[in-house]
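Note that chain A is present in both complexes that follow, paired respectively with chain B and with chain C.
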Partner chain A sequence: STLPIQPTPSRHLQSIIKELQYTAKTVLENYQKEEKGVTERSSYRLPCLTSDPKPPNSLNSSAILTYFQTIRPLSQNQTLIDEIIRQLEKLCSQDLPKMEVSVPERSFERKRFIFTILKQFSNCMDQVVGLWIPKSS
Partner chain B sequence: SALSETLLLAPESLKVSIDYKRQCLNLQWSIHSLLYHQKVRMIFQIEISRIETSNVVWVGNYSTTVKSNQVLHWSWESELPLECVTHFVRIRSAVDDAEFLESMPWSTWSAWEKVDVQDSLGPGQLFIYPQDKLMEEGSSVTICYISRSESKINCYLHGLRIHGEQLTPNVSTFTLRSLPFIKKTGTNFYCNTEHDKLLNGTVLYVSKVLEEPKNFSCETQDLKTLNCTWDHGHDTRLDIQPFQRYTLFESFSQEKKDCEKLNWCTWQVRQDSQEMYNFTLVAENYLRKRSVNLDFTLTHRVHPMSPFNFFHKNVNSTSAVVTWQVHPIGRSHTLLCQVELHHDGHVIQQKNVSVKLNGEYLISEMQPHTYYLVRVRCAYSDHFWKWSEWTDQEVTTLEAAPS
Partner chain C sequence: LAALPHKPENISCIFYYKHNLTCTWSPTTEAKDTWYTVKRILCHEKERDMCTNKTETSCFIRYPNVTNPDDYTIEVEAKNADGIVKSDRTHWCLDSIVKIEPPKIDFVKPVLGVKQMVQVQWERPKLAPVSSTLICTLRFKTVNNAEWKEVNFSTEDIHLKQVYNLTDLQAFTEYVIALRCMAEGSQFWSDWSQEKMGTTEEQAPF
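After this line comes the complex of A and B, so read on.
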């Protein structure tokens, strides 16, 4: 799908996105090291961008936030997840309806779900950085 | 008697069900041919086969007293997950009653009861059992996979390749012995295709072994609240074993308290001046229960709070008066307080003073114009258990008057 043209976001917004990109990568690497054998399952989909071209609305942060609030109690490394939640909350518009995220019951499948969310979020942040942050800065 | 004609009392209506969580086959059957008033001691022989009836994996006897049409129950725990292969069960019986001298022949076998879950597995290429197994460090587990994939399959435990034993063309088992605790989120066992594509996995939750609480001790600061402490040893909590619970039982009062913390708990002393206490501290998680006992006399376990409002007055070149207060213990009890005078890191004077609420002591034979550290601590006079913590303060004597 063609990506919408993005107006350049503020410096503050750019620093939030860079922070999220870094933390997302760290959490993913930690989880991969910790949970040997767990791989992505493509049937789990984390929403990333919306149709609104204008940052921060072009990032589907409230949906992503719900996913992270769901996986938080399931993960060992809650400090970094809390950091991601804290940053996402800065990008969220409060009035959006809360969505439900269902988590697999069996542990191994639940770990695949968590890993997939972390992987897709990291990819999402790389994509958003590419969109929002001019190469020069 | 009537019984002799119907001595070959064969078991009937055999039903077999599966308890997946406990990995047990539950059997139930009856003896219909007994007359209603009769009670007979009988022995039942049970055979269990896997994959095909000829492959008997377990034979065992079960003795019990049987009444007519009584439904009998018995269960068998399998080390191999019951989902892995088809199981077959049959049973026969013999009268084993002292009333009949000669030994009674076995009845005929019941028909084989087949227990097969393979068709209820649902969609998927590979199934692994057990799922989410909770076990203690050092124990063993048998895992199996049931494959519908043509590919060669490689299985791993926490990244380490594991070789199994093929039971049938599409079922393999892996016996893992003496597993260590690795992490709270469990140890991953998973299987990939030969091209390393993940097919499925399970998580083995290996928990540390719950230990007996050590150094269990209780004391009070005020004869109102008991503070009990202990060393809990390993933390056995895991994702699927979220609690390691401690409960205090007191036998004289028959009261109990669920403790919120892993290694301490408070207990309110009842106002009926109960003197003797007999506590049982029970540690519990999903897999194990441990307990330790402690009995004591309340007034033999007083550990006073440290003295407060510790001041000095009337300081001159060779003496000073120190005053302090102590927290009341019970109605009217005396504390033994110890006053120490330190100079250059050495104790140069030490004195014991009996105190009810307010303490006072004149320190003499001090050097003029000298810095001292004075400290005080107290203990329960009726029965010494522990000193309180020290309370201290600095005192500098005045210069000597010119002679």
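After this line comes the complex of A and C, so read on.
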């Protein structure tokens, strides 16, 4: 379903999204180098957009934040994951209920899970940049 | 004789993207042993300490505990055996205090068939936020001239290698060129890049 035309978000929000898009791509590229041969699994789904068209609510940042808080202890490059967490925290309203994210037990399947989440997040941020940031800016 | 520490003043902060936020204050010396605590309050009021129990009058918080864009309220508390004195609260928007390192000019080369122009290939500084437009000033002069001329341009491109065409030059002349940039909205220019030389193409005989 296509979302209605978005109201232009503030410069602050646009900056957060640009920073998230860049860091998401960097984390994904780093993981692909570290874990060659790991493939995506479509049954793992990272929530991206909500039905609320108005930024920042149109990004499901609290659900995404939970995923990143879950994969943080499992990943080698925690600095970049920490940056993503901090940026997502800026988009989250503080009082949302916590959700649970379950992680596969077996090591290789766990890597597939992480790779899929990072891939979907990078795609999600490309989508959000396309929606939120007017072409000229 | 009881003597409270001086009130910390002249708080100054600089943000180095993906590195740290560095703050300094005065006075730099005190009669008695004095410890400083710097409190950083984020825009959504979650209070987070920045530096605690330090004796120097500077402190920095490392990335990723500081990420732009963000707005902070910063307060410095000075404490000695006789008591505590707090600074005024100061407010900082990271985008306005980001300082980037100088760009690097790769080369300056003439453009085939275009007499009065050179092409400047340069590298976007790594400490330049990807969310920032860069405002740049390119200065140039002929080698035997003391007076610089300047042109300004801006770029939203976040790729490392970038090109600027410098026009309206004299044909077959050697120029010295330097470049500096700032993140749009910041108060800090980078330093100037190293200077690079380049010569415009020779004028064809009439």
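By our rule, the second predicted complex is superposed on the first by the 137 of 137 C-alpha atoms of A that agree within 3 Å, B and C clash if a C-alpha of one lies under 4 Å from a C-alpha of the other, contacts with A are read in each partner's own complex, and residues count from 1 in each chain.
Rule of thumb we're sticking to: contacts are C-beta pairs under 8 Å (C-beta built on N, C-alpha and C of every residue); 3 or more make two chains touch, one makes a residue touch a chain.
Computed from a predicted structure; not experimentally measured.
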When chain B and chain C are modelled together on chain A, clash or fit: fit
Comparison of chain B and chain C by chain A residues contacted: C
Which of chain B and chain C A:D82 touches, first, second, both or neither: second
First (chain B), second (chain C), both or neither touched by A:K111: first
Chain B versus chain C as contact partner of A:S15, first or second or both or neither: second
Chain B versus chain C as contact partner of A:K135, first or second or both or neither: neither
Arrangement angle, chain B at one end, chain C at the other, chain A at the vertex (C-alpha, nearest 10°): 90
Touching partner for A:G37 - first (chain B), second (chain C), both, neither: first
Partner chain in contact with A:K90 - chain B first, chain C second, else both or neither: second
First, second, both or neither for A:R45, with chain B first and chain C second: neither
Smallest distance from any CA atom of chain C to any CA atom of chain B, in Å, after fitting: 16
Of chain C, residues touching chain A in the complex: 44, 63-65, 67-70, 95, 129-132, 156, 158
Complex interface listing, chain B residues touching chain A: 128, 131-132, 156, 158-159, 183-186, 188-190, 192, 198, 200-203, 205, 239-240
Chain A residues touching chain B - in the complex, by the definition given at the top: 34-39, 74, 76, 106-108, 111-112
Residues of chain A touching chain C in the complex: 11-12, 14-16, 18-19, 22, 79-80, 82-83, 86-87, 90, 94, 137
